[in-house]
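Sharing a structure here in structure tokens format.
As written, the chains take the letters A, B, C and D, and residue 1 is the first residue of each chain.
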């Protein structure tokens, strides 16, 4: 065991990211897919913060990006859930495999 | 000097008639159409007569030689400085002679039709077509340019087509008109290619230039042409032979004659004009027009012409003996007589005494026009009276139709070569010419002349004698012989048929323009006249009274009779070639190939595009996660590629 | 004469049609506009002859140039030589006739006439353009309306035909575009035909570019084996559509083959002449034989168009001045003739509601006028002297025959053979439809042509006769222009 | 060498990753939401560990307090209680796992192969510093993005309302 540093945090964020990706790819429920997306966003946030901390500690760009991403994530989640609920209302299902009316 | 305006007016007057009657005839002129057409043609005929007088007796002869004049030449279509299609008028002995024949016979037919076609629904159209035909025929005769001749040649063909198909609601008439057009068209293809070959080597379409360049063996043109050979014959021989094919098609020479008997579906006066007196001799005229080329440069082709003519003459004569439709008998007789004219040209050579065949051929053309037109018009009068073409519906008509009977007899005597009628003189010269140069052809001609007399009198006796009077249907007798307008042409033509032989033809028409003495040998004439009389007597014996001799004779001849009756199955052969070979083996596969292979390839291109896009469409499934997997996979793949492979 | 009026007149007419209030107005505006175009075309012919008579020997007359995209060297460059004048005249005749025979179109009349006029506009623009880019622009203008005309107003399997036609023509356009860009970049960054004609293009480049351009334009003019849009397209198109398609559109291709491919790339033309001759000879004979088996009048004319247009391509491939003149004459002649043919077929179809030869008979009795016109156009098609087809075909033959080797001879003979086959199928069609006994009771009450149909037919017949009886004027128009092209080919 | 900070880090890391994995693997949707909640809390803890208290606070407030609650509400709206989530198709699972692991491996490989510059310790940022920077209109200030984000949020709000509005039935 060694002192935790940038590599450790990057490992966590990578793991979280691909966990989210896997969830996004394998879940059929739209809400759980949304959750996976939140995981992905969080892993990105973690990256930003870690880089800000370890590589450019004198600046705040990573921090601000994180802030904005959180804000946008909130908006995104709200819109996504609105869409999901609307979809549920119209087709009584939020299975992603059924939501394919707009193909071709 | 020839007067260009007068001569140009000869063909233009009938053309005016065609335009006038064609455009306004149906609505505004109607019954006056016949008179207008006839009047215009009368003007034309008078001008032709004047021109002939003027040419033969006033200015045509210079130093004892009839000259060729080209009073008018307009460039119609120029291909290059040298090569152009001109519209010109040529005045020389044969063209003037043809002018006379065409205008005279056409005038007779015009007058005759006033009675014969009276009451027809398309009376004005009929006269319009007659005008078109006369115009085209005169244009052909006067052509100074080989392409001009081809143009009018085609126009003549189409007017013949229109007139044969005049009764357009009769399927047989339509079929006959199509057949006539297509067969002659096929022959015209040969003519066209022949023109192209000759004009390529001579560098001109103009008759005068072309003949001048191709008849001097030392000229470069001839040397070039002889140098280039194809299948063992020189290009020039091919060209001349192809041109003759054109002539043979129009003149119904064996084996391109099959259209002529069917062409009898047209109104009878039309048959008289087109398919007896004028258009069918266009082939003879063409050979005569290019005679110097044929005789000087390509004697081999001339020999072919002679044999084709002789074979046609005898085959047609044999077939004519067996036919029962009177117009068909006359049609085969026409073919046979044109065969005479052809082989007369074929046995002739250029210049002086040796050119007797040429003179004889033209002479026969002239006399034949008279008596054959007369025969047809007479037959028309009979048909008009009986309302049938079949011999078995006729008989004993000599009292009912006295004038017709008399004129028909004159014509029969003329064609049978009985002196002193016209046919005797011209046929005599032909036989003499043949005797002098080709004995085999002479014998064929001699036998043919006997056959001619036989089948003509077979016709004559069956129509006018044979049965007792009144045996044919009473319904037919409503109108009498057909009035003055129908009888006048018969009489005038009978005068021609009886007297035309006394014209000293050699004085006017010969290969080189110099006068040719016609020699008359009593001893030579004996054989053909005797044969002719024998033919007549045989016909008298068999057909003067109704009996079973013809049937027994036919039975004893067996296969020969049957073959002749079926026209030696040539029609069937053609039908086989066109229907079975051309349609089924060429046309149908071509159409199938186009629909299925060529178009199939196009559709294949289209369909494969559709198939590919159907395949690609699968990717666009609407399944978000599938997209995401592809996306991720592609990102990873690209990342690997960019990082490790393409670094 | 300002050439812009030739584009302006149809454009204004088309716009006026758009704002017209009702069908009557649409029709009369179109008619007036098309007659105006005819008048302008005739005025152009007269002005052109006058200039030439005044010894103006410039290759192109009435040139005008306006910069469009300076950076790409594209400009509106207009000018006419004899070929263009003849083609413009042809177009104006067909447009008038097309407007007249469409008098009974009830479905979406305004749009129909608008598209017709647009097609005409494209053709006029195409024929006066001296800039490849603008030429291409107008070519495309004349393609799209055809798709709509067939797809909306067509009959039979119209969607299939419209798609096929549009796709094949677009494919041709794509080849043209590539060839054009090739020219642009290899010959000094210019789209201008006059500039390009003076540029030196290496034989290797021509070897690549010529097939692109020739085949591209060849698709438009039914180059074998890319002709299969012709039968389907024609048979599905409405009458005026067929007339425009065969009368004008196929000529765009022929004009392009000559003006763009052959004129600009003479070495390529020489190199590929053999292939062109073989293909066109096949098209002529094979088209004729295929026609023989058709039962539908429109298919008959469509296949015979393939055969006839083959003469144009044959003439171009023969590369002699006379043959090229003949090819151009054939384009003009075939344009007028085939437009008339389709017009007549349309008239018959409007009445009998069938195009099957076997279902008709003896129409002469009920419709003497239409039948007579049918006769005339049929005779023209089989090359009767005195009508336009003869002049054109003979000129091609005479021109072709000037190549003295066996290959050219055989090709010419094969082509000449088609005139017999043509006679067979034309006479069969005529014999069955207008002649013969009446086979259908319902046809006994049919009426003859209306005034508008008569006018259209008379105009086109006049065109056929004008070429057929006195071909001199057309010859004078086309021959010098063909000579310019020949000089470029022989390198003088 | 284990000190409290290190132990804390590993605990937080374990919490975050394990809850993340559980959240995407459980077949009970409600549990998934709760695991997500803990995972997010773990991330917030990591922010604390990194001494970014403000971000950690925002993370807790927005994610834990906002988004997860929103998700739970939507689960209530759309899901029958106790119902298990449907299984995914096996082939898709296999492909997804394959692609994910490849990506994961590749990324880690890249991360470990990369030499980052050495760390320079600095004073932690204060909330005041964040506030000043955010409102600053000078170079390097974030006033403009801030405004844009606020516009975006407004737009999202309007969008949500529009989407969620029950459309009037078009029967008439």
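Following the convention adopted for this analysis, contacts are C-beta pairs under 8 Å (C-beta built on N, C-alpha and C of every residue); 3 or more make two chains touch, one makes a residue touch a chain.
Because the structure is predicted, anything quoted here is derived from the model rather than measured.
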{"item": "Chains in simultaneous contact with chain C and chain D", "value": "B"}
{"item": "Chain whose average C-alpha position is farthest from chain C's own", "value": "D"}
{"item": "Chain pair, A-B or B-C, that carries the greater number of C-beta contacts", "value": "B-C"}
{"item": "Distance from the mean Cα position of chain B to that of chain A, given in whole angstrom", "value": "96"}
{"item": "Centroid distance [mean C-alpha coordinates] between chain C and chain A, Å", "value": "64"}
{"item": "Chain centre separation in whole Å, for chain C relative to chain B (CA means)", "value": "36"}
{"item": "Whole-Å gap separating chain A and chain D, where each centre is the average of the chain's CA atoms", "value": "5"}
{"item": "Overlap residues in chain C, where contacts from two or more other chains coincide", "value": "none"}
{"item": "Sequence positions of chain B contacting 2 or more other chains", "value": "625, 629, 632"}
{"item": "Where chain A touches two or more other chains, by residue", "value": "21, 25-26"}
{"item": "Chains that touch, pairwise", "value": "A-B, A-D, B-C, B-D"}
{"item": "In the complex, chain B residues that touch chain D", "value": "625-626, 629, 632-633, 635-636, 639-640, 643"}
{"item": "Complex interface listing, chain B residues touching chain A", "value": "617, 620-625, 628-629, 632"}
{"item": "Contact footprint of chain C on chain B as seen in their complex", "value": "26, 75-80, 83, 85, 147, 150-152, 154-155, 158, 165, 168-171, 174-175, 177-178, 181-182, 185-186, 189, 192-193, 196-197, 199-200, 228, 578, 582-583, 586-588, 590-591, 593-594, 598-599, 601-602, 606"}
{"item": "Chain B-touching residues of chain C, taken from the complex the two chains share", "value": "163-164, 167-168, 224-229, 231-232, 286, 289-290, 292-294, 303, 321-322, 362, 364-365, 368, 379, 382-386, 390-391, 394-395, 397-399, 401-402, 404, 412-413, 416-417, 419-420, 423-424, 427-428, 431, 434-438, 470-472, 475, 479"}
{"item": "Of chain D, residues touching chain B in the complex", "value": "92, 95-96, 99-100, 102-103, 106, 110"}
